[in-house]
Every structure is written in structure tokens, then in C-alpha cells.
Amino acid sequence: MKAQASTQHLIELHGVVKTYSTAAGDFTALKNINLQIGAGEFLGVVGKSGAGKSTLLNMITGVDHLSEGEVIVHANGAPISVHKNKEDEIALWRGQTMGVVFQSFQLLPMLTLVENITLPMDLCGNFNPKQSRQRALELLRLVEIEEHADKLPAYISGGQQQRVAIARALANDPPILIADEPTGSLDSVTAEHIFEVFERLVSEQGKTIVMVTHDESLSTRFSRTMRITDGELETRPLEGKPKSENEAGSNPKRRLSWWRRK
Amino acid sequence: MSPRRTKGKSASNHHAMSSPEAMIDLHGVVKRFKNAAGEFTVLKGVDLTINRGEFVGIVGKSGSGKSTLLNMITGIDHPSDGKVVIGGTDIYTGVSESQRSKWRGRNLGIVFQFFQLLPMLTLLENAMLPMDYADMYDFDERPSHAMEMLKLVGLEKFANKLPVLVSTGQQQLAAIARAMACDPPLLVADEPTGNLDTKSANIIIDLFEELARRGKTVLMVTHDPSLTSRTSRNITIADGLIVGDSRRK
Amino acid sequence: MKPRWRKVLHDLFDNKARTLLVVFSIAVGVFSIGVIAGAYQIISQDMSVSYAANAPANIELRMTNFDEDALDSIRNQRDVKDAEARRVFNMRVRVPGTEKWTTLDVAAFDSFEKNMVNLLIPLEGAPVPNKREVLLEVNALEDLDVQVGDLLEFQLPDGSTKTLPVAGIVRDTASAAGDFLASPIAYVTMDTLPYLGEPESFNRALITVSGDGDDITYVREVGAELKDKLEKDGRLVIRSRFSETHKHPLADTINAVLGILMALGILIVLLSSSLIANTLSALLNQHLRHIGVIKLVGGQRGQVLRMYITLIMAFGVMALFIAVPLGGQGAYGLALFIANELNFTLLGYRIVPMAFVIQILVGLFVPLIAGLAPVVSGSRITVLRALSGGLADDENSASPEEGKRLPWFDWIQVKATRVLAARGIHIPRPFVISLRNTFRRKRRLALTLFTLTMGGAIFIAVFNVRVTLHDHIGQIGKYFVADVSLDFDEPYRLREIEQVAMQVDGVERVEGWQFVSGELLDANGNVMENLNVFGPPADSELVDPIVLDGRWIRADDVKKLAISEGAREYFPDLKAGDFVHIKLEGREEVWEVVGIFQFVDREGVLAYAPYEYVSQMSNLANRSYSFRLVTAQHDRAYQNAKAEELDKFFRERGYKVRVAEAGRASLDTAVESLDTLVVFLLIMAVLTAIVGSMGLTGTMGMNVLERTREIGIMRAIGADDRAVMRTVIAEGIVIGSISFVLAMILSVPFTYLLSTIVSLAIFQSAIDVVFTYQGYLIWLALVIILSTLASIIPARNAARLTIREVLAYE
């Protein structure tokens, strides 16, 4: 159950391999991934679709099984080997340890924004109902959307929905945020706002964030950026920007579309 | 009309089979979406002319409006304002959705990124289906014609397999064969290589080049920069407007 | 409210059509079980209580005329509690000014005030008639359109008429119980008899016992002693009937019929549960993404499971709110209908606790059991599968980690299409889509087919049962082929009657029959059952017997008879060549059984002996009381007309006609009462068919919803509205057609089963099953209409979707 202690890293991937069998034969989505992520890092993983970005995240969150290797997360005290626990235990652990944000928001359409955020607290039982609502409203304030608290997701824009999704990911105050193309379906201005929220969470709240994206223009704005190609992490990490220069990233003029850079 | 039209004309002059006429003609196309959060404009007045035989790439980030533009051309969605003329037909004025489906069957082939094939039909049957809908060719000729299409994309060996049994790259090729089944002059592809590995993607692009060489007009939406070097013309969309129209060849 | 329960609440009302479908399918099952269980309880309690409340006679003796002295000696007999004497005879009655004659049993009482046995319940008007007034039993109103105070015209044997006013309406639950075919009854006082041309003496004694009236052996013993005594006193007992105080004579029949209805009710519950299973598994399928999100943010399996079980329970509770009150009403309605048909009263409307409990159990547990499999498997889904989009996949399509093998059934379908194509048979691809879509959701298809097939099989079987019953009645009719029977109050010479009758236009042939009533005895001389011996000419063509054993009667038979299979109830091993002890006209004799024929007895066992012997035995050679006539046409209207004409013709010439009756009259009455039963069966069949087609509608709706994206692809490659609708409707019709073929097969055992149960209940013997194309044709038409209708709404919804919506559909 428990892996060997390691102090300096929050998330460790050791020799992670993921193979799918398809009609056309076995397909290896991840080829021997070794990766350490430290607390307070804002790690960006860039790559084309099909490169294995999402599979990598699924290994960290434990929603998919791995074929070989081990994923260890040192959070909330004891280190946990994500793939050596029962699914139900991991579900509860994940609810308290990791917040996950998707490209497609994944809000429950029948619940109001506040209810969407209190849902993880309800399921994990860390807060009583009154505290839950209080906390949910605080989180909505954090993502600057508290005025819509009692609306249904369908009545707000995509960018606003993504803010709610982030607030929901923070519901149980997890140390880790996992984001899968969180800006992928947003227009450029909104995407920038969302990205700024993530930056603030790292700098102000000390969260550790792992984000995958195919938008290479963002690569300079992570504290560390890795490129994944055909299931392999490029050995040399891309040039990351030091954390202290984070505020520079908020200048939208620095965002260049790939075709303009060419 | 649009100043780009003349450029297109000269570009298509190398191709023996191409015609000088415009295949696609868009005039001031505007598309607004309304939802509970308010109204927003996805296409802000697009004028575009594409000639027969061109192999055009439409590039832009997600959310830029490129898929919406494609939907205007295929008749899948209808514009809030403006006019779309495909092969000389105004496809929106006084035409119902059902009639457009019928028109689409004969006049254009569509290839999607996902969900290309009907899973309950074999590749051959998938390729025959558009002929059944459009009532093209003699009923008994359809199998042999569909087989020719599968040969064109190199899938004749898999003709009687169900889609689940072939790779996604092969599924995409079969989808192209199906799109060409009724011999339409225009082929429209939305991120056709989006979830394919590099090798399969190359085969698809080779095929598109070949089709363009045979006089078909090919229109492809992509965000993959490596593909735009292969097209005869690239149109860049950002925030609902055409911001670039380059020709590389 | 906690957000997860808010979600459950929302899911309950989110898709109203689906909620209605689930709630309605649960409600149908709960309702039908409630109606039948409730009616069963009410009837089995009230039938015996209400029957016993009116002091039904334990012993009924039909005797030659007797007086008060004889009645006193009956009353003084040991073990006799109460005894009443009546004079019962039949008369023809009509409302003055109308043409139609109705035959009534007229029962004359000595004193209405001292009515102790077979109590009359006053319903309207006077409870007691004065001299020259008449009370009518409530059933008589079905044939006579009269009210209290109206006059009735009674026809005397000499043809003259007398008019009596109707003083009141009463209910007599005991006198006619057990006989569907008995004539309605009218009541007069003894001192009215001379006015009607009848002697003021009794011919029937009704007796209750002082001991245990529910002990049939004891009742028989008392009856036997009484008869011995009466016969020693020189009185002739023609017939005797024994019955228990608390047992309605039709209790067994009704219980059996309710048993069949109960079986059908359980079947409906079963069918509706498969519908629930289908809908819930589709609901879970649509909710997989939600489940994925819940699990992703920390939800555990148990939490998900509890949410969905609560949802199912909520569906059940909603269904109970609809079905329990309706079921209670329906139960009482059904009980009331049966009570009216059988002429007994209910103790009043009430909730049957037993039925209530059964309904709640069915309403909560059936959906739970039906929904458990999809809920459990839905709660097991991994976050990855739930969120990775492959939600519209078929059950059997592999998830990414499993190797992709083609299911054998898909392989067969593809192979079959290729084999056909190789022979030049090309199926258009749009139809290939419909065909293969049919088999994609195999479990859903199986459940849909199950409900639709069951509905169809029962529907068809009910039609077959109806024809079987009619055919059986027709078989009985073979013993009563005559078009008109003509009975006289005194014997006439055969030749004479024949000559007169032939003068009536349309009469083709006349036969004189003998009739002797007696009793069937066991070897010790104890009475087993009444025996009716008919004596037609041995060469009569008016009896067309189905001889099961031995032979039919011959002219030279002496002390030989052919007896109905009903005798086997008393002598199970009876066969041709055996001897039976019988008592005819007061004499005990031993006769040989020459044959056993198929017949459905009522009111005693039927036997035939040749006229040639019976007339000698009765000293009536070449004479008879009873004649059978054949007329030129054989329909009922013609028979009725001829019967009336003959009646008038003979009376005018001074013959003492007792009754002239159309041959089919009694048969038609029998058919009518059977049709009541068939209507019940048909209602249940229609209910099952409704459940079946609801299942199909649900399935088509779910199929279309899940294939929205594929419909988008079809549109994208050129399918117009009509093509999309054709594909969907064709699938519905394919499912309907498969279910029809299965229903055709399944209807055969169902027909046998239902026919056997029904005939055992009604006739106490199994009958020959007859099949009719009617049920098949009607069901074929219905199933095609139903499956088209069931697909039209989903198909229209499918056609209405724009491609953009479809491809954006997630």
C-alpha cells in the first residue's frame, strides 16, 4: 500500500507504461515515463492529440489502470501508491487530494453552481452542510463568479463554467490540481482569464498544478514544461520560466498563436 | 465580388480538369449563437471564394470559428446572415434541412474527426449508403462502384469488415471512400487527421492531394501546422474573421 | 438539501416522458395485481357470507303435489331446522302491448311473512305481494322492461292471459344460484294460483338442516332419511339437490377464473418489470457521465448505489400513489361486476389489507429487482469509461483495454448479408441499418420481445380460447339439433302431432321424444345425482353424439342407456358394458351402459335410451309429451318465429301447449355467459399488449436517443427526413414482426393452458382446443400498427434533429 518515503517530491511516476490492445494490435500510449513533480510546481505537459497527454493524467489521477510501473503521491501525510488501492478507496482519496478540471467542464447540469461545488464536500464528508455552502461561496468569490452562485450551469458562459469547475476542483482543499486542456474550448480572451486563475492558485494558494495542453504558446508560462511525443517524455524539459516571473505571463500580448510564430 | 477570387482562378490553372468557376462562394456570412448567457457572434461577416480543384486548408485555434465556417459550407448549420453558394446553388434560401440533406448526398462528401462510420455496416456497406440515399447509380452497380472507392483508398481487403475491426486510420480512409461514393465535386474534412498517428495522417493527406489533382475541390479544417505545407491554399480564421489567406505552392 | 439528493430529485423529474414511462409501467403491474388480489379477497369472503346470510336450502326436493300435512311431517323430521314449501312452475309472460314472450319460473309461497329458507331481499316496492300481485326477481328485469306498479300479462296453458301488477322487486340469491341458464323468477302467494290456473298444492320443499350445514355428507344423510320417510308415506320425490350453507354453488368456478386472472396479473407484473429494467438501464447509460463526475470528485460506489436505489424507490412510490387507490376501486368494481353477474351482494366497499400489502410490495420490490442489475453495473463504471465518451457503445463492444473480437451474432449478420449478395439478393443499406440496429442492444431487445411476445401470445390465445368455448357449446348443441321443441301438458299421439305440425309452413319433420327424470344411485341405493333420461327415436338425426366409449343407442335396447361422461365424476372407472343402478319413476333398476358420450352436464347427468323402450316403460307407446321439430331454416330468428307460430297454431286447435321454444335459445344464453368470461380475459390480454407496446415505444425512444450521432452521420451523407424516419420505423416493425412470429409459436401452449384451466373451472372437464386465424390476424395488424406508432414519435424526433445538434451531442 504505502510506497517508500520520499520527501522532496509530491508526485512520482516510476517506469509507467500504458498499453492498449486494439484490433490493429497492441498500442503503447505511454512508454516508460519517469517523472517527479515537486510541491508548488506549475507543470505544463504539451503535445499533439494522441501523444499520450491525457493518458499521463489518467495515470496520476488513478482513473485508468497502468500496465507497468508505479505512481506515488505524497499528499496529506502518508505516501499513497495510486494503483495499488481499491477503486473506492482511491475515489475517496482522490476527492480529498486532487481536483480535476477538464476541457469540457463536466459540471452536473441539474445542480446550481453552489451545489456543484458542495457535491465533493457532501461525498467526502469533510464539511457539514452549513460549512459547505459557506466554503462554496468563498471559492466562487475566489474565481470571481459569486454573483451567479444559485444559477444552473446552462445559464452561464463556457468561461464561467470553467471557473466553477476550478472552484469545484478546490472544494475539498486538495493540494494538487490536474487540468486536462482546461482552455481548449474557450476563445482566446476567456482562455487567458482561466489561465490567470491557475497562475494565482499556484502563487497565492501554493497549489501544485499539472496541466496538459496542445497550445504551445502557453509553454513559456509554466514553471516547468515537458513535451510528450508518441508516449515519451522528451528527456530534456523545455525551457521553463522561473516562478518569480509569473506575473509577466498575464500580459496577453505575449501569447502568440503558433502560426504567427512560424 | 471578393478580390481573392482572381487569385484562386490563377491557382487552379495548372490542373487540367479544373474549371474556372467558383466551387464555394460565401458572401458576408454571419453566425450568431444565442444561449442563456447571452448572444455571441462566432462568424463576423466572412467573404470567401474557393475554386474547383483547390486543396484548401482552414486553420485556426479552437473557438476561432473554423468549424462553424465549415458547417456553413456543408449546410449542417445555417448562417444568421449572408449567402452561401455551393456549385452555383444557394443552399439556404428556401431550402429545408431535409432537402439540404438530399442535396448534400449528391454534391459533397464530408469527413469528420470522430464517429465517421456507421458501426453496424461493413466498410463496403458504409460506402454504398450515400448512393442508396442519393439514389445514384443503378442499384446493382452500387457494390462494384463502392468497391472501386475502397480500392482508391487501399481498403479493398477490408471491404466486408465491420468498422470495429479496422484501425482508426483505416476507418478514416473508409470514411473518405464513402464521402467520394456519389462522386461529389467537393470534399469537406473537419480535422480528418485529428486523432491519427503521423503515418496514417500522411496517407490521408496524400489521398486528398490525389483527389485535388483529379479535379475535386478539397476543403480541410486543421490545427496541425505540419499539414498546411501540403495544401494549395491556407485560410486562417481568428475570432470569427479571415485573418490570413496564403498560398504556398 | 445535500447536492446529491438534489440530483436524485432532479433526475426524478428531468425527463418527464421517461418518468411517466417508468411510473406507468410500475403502476400497471401494481394496479392489475391490486385489482385481482382485492377482488379475489372480496369475492371469496362476501360470496359465501352473502350466500349463507339468506339461509340457502341445504336440501331441495322436487316432488309430486303435496300439502301442509306433508310439510309438517318434513318439519318434524329429525335434523330439519326449517322447511318451506312452494309451488314452482313456468309460465310465459310479456309486458302488455309487446310481442316478446319471456318464460319465467313462478314460485308460489304459502306465507311470505314466514319466509325462512332462500330468503328474499326486498329491493323496491312491496316486500310481500297481495293476492293477484307479483314480485319479480331482479334478474327478470333484464328480460322484462317493467317497473313497480306496471302490469304483466301471464299466459295460461289454454292460451288465455291473465294480468297481474308488479308489486315489488326482490333479490333471491339462493334459488337460482349455480345455474347460469335458469329462468328468472316471479313470486306470488298461494291464493293467486287458481287465478293462474294452477292447483293450490306444493311441488317443492326447501329445507335447512339443524346441524352443520357445511358438511355435505351429513346433509345428504338427512336428505336420504327424509326421502325414505316421504316415499313411505306414498309421496314421490322426483329430484333432490343438496348443497352447503356457506358454499356458493359457483364458488369453485369463480375461484378458478380469478386464479387465471391472477396468473395474468402476475405476468403483467413480470412484463412491466422487464420494461422497468429496460428504461432504468437506459437511464443509467445516460447518467454514466454524471456517475463519472461524482466518482471523480470523491464519490464512492456505495454512495452512487444509494442515490440510484433511492431514485428507483421514488419511482415506485409515485406509482403506488396512482395505482393503489385505482387498484382498490378496480378491485371493488370487478367484485361488484362478478357479484351482479352471479346475483349476490357485497358487504360494501372496503380496502383489502392483503391486497394493499401486496401492492406495496410489488410497487417497491419489483422495480428494485428489475433495476438492480443496471444500477449495480452503472455504479461500477470506472471514471475513465464514464468520461471518455464511449457511452453510446453497445454492451458488447469492447472497452479499450479488452481485445476487439467481433461478436458471433454480428459476424452472422454480416455473413448472411454477403451470402445473400452473392446470390444476387442485395438488401438496400438503409434497411440493413434497421435490421442490424435491431440486434445491437441484445438485452434490451430480449426484454422488449419478451413483453411484446407475451402480450401477443396471450391476445391470440384468448381468441383461441373463445372459439374453443364456442366450439364446445356447439358440440353440446349436437345433442339439441332440433329447431323447435314443443312440450305439452298431456301426451298426444305422434301421428296426430306430426299431421298438425306439418300444416305449419316451414316445418319439415317431427319427432316424438320421451323424457324421464330419475336418480343415479350407487350400489347401496344411495342417491348420487339426478338423472335425466331422454328417449329420442334410436334413428333420430336430431342427436349427433360424440361417443367416447361403446356405442350409441339402438332401437332394440332394453334397459340399456348411453350416459354422459359426467357420470364418471361419480363412477370414475365407468365404461361401456358396466351396469348402473338407477331410480326411474320411483323404481330402482339396474341398466346396462352401452356407451359413454361427451357432454357437459348441468343439473344432473344426461342419458339417452331409445324411445322405443322408454315409451313402453312409461306406458306411452306411440304417444309423447315432448316433440322435436326440424324447420326449413335454422337461424335463431326463424326458429323463434316458428316456435311462436307453432305455439299459437296448436293452442288454437285446443292442444295444451306447455312451451314452444327455439332450439338455439338455451345455447345462446350459454354462449353469452361464457363471453362475459372471455371479455375478462381479453381485458387482461389488452393490458399485456399495452405493456408490450409501451415497452416497444420505450425501446425505440432509447435506441434513437443513443444513436443520435449516427443519425447525424446519416444526414451528413445525404439522408433526408423520410429516409431517417424509414430507418427508425423499419426497426420498430422488424421488432414487431419477430415478436409476432414468437407470439404465434407461444400462443399454442398458451391456448392449451388457458383452455384447460377455463374448461376445468366451468365444465369440470378438459375440452378439445380449437384454433382460429382471427386472433392471429388481429394481432398481426395490431402489432404492425403498434410498432409503427411506437416508432413514429422517436422517428420524428430523430428527423427533427439538425446535424449540428447531433454532432455536438454529448
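All chains are identified by letter, namely A, B and C, in their written order; residue positions are counted from 1 within each chain.
To be clear about the criterion, a contact is a pair of C-beta atoms (placed from the backbone, for glycine too) under 8 Å apart; a residue touches a chain by one contact, two chains touch by 3 or more.
Since we're looking at a predicted model, the values are computed, not measured.
Taken as a contact graph, the chains are fully connected, with every chain touching every other chain. Located most centrally within the structure is C, per distance between chain CA means and the overall CA mean.
Here the spacing of chain A and chain B, counted between their Cα centres, is 35 Å.
Rounded to whole angstrom units, the spacing between the C-alpha centres of chain B and chain C is 67. Those residues of chain B in touch with two or more other chains are numbered 164-165.
In chain C, the positions touching at least two other chains are 404.
Of all residues in chain A, those that touch two or more other chains are 22-23. For chain B in complex with chain A, the touching residues are 35-38, 59, 61-64, 164-167, 170, 194-197, 223-225, 228, 236, 238-239, 244.
The touching residues of chain A, when paired with chain C in their complex, are 20-23, 58, 61, 63-65, 87-88, 91-92, 94-96, 99-100, 102, 104, 106-108, 110-111, 115-116, 118-120, 122-124, 129, 168-169, 171-172.
Looking at the complex, you find that chain C touches chain A at residues 2-4, 6-7, 10-11, 14, 289-290, 292-303, 382-384, 387, 400-404, 810.
Within the complex, the chain A residues that touch chain B are 22-24, 48-50, 154-157, 160, 184-188, 191, 214-215, 230, 257-259, 262.
Within the complex, the chain B residues that touch chain C are 71, 74, 76-77, 97-99, 101-102, 104-106, 109-110, 112, 115-122, 125, 128-130, 132-134, 139-140, 142-143, 160, 162, 164-165, 178-179, 182.
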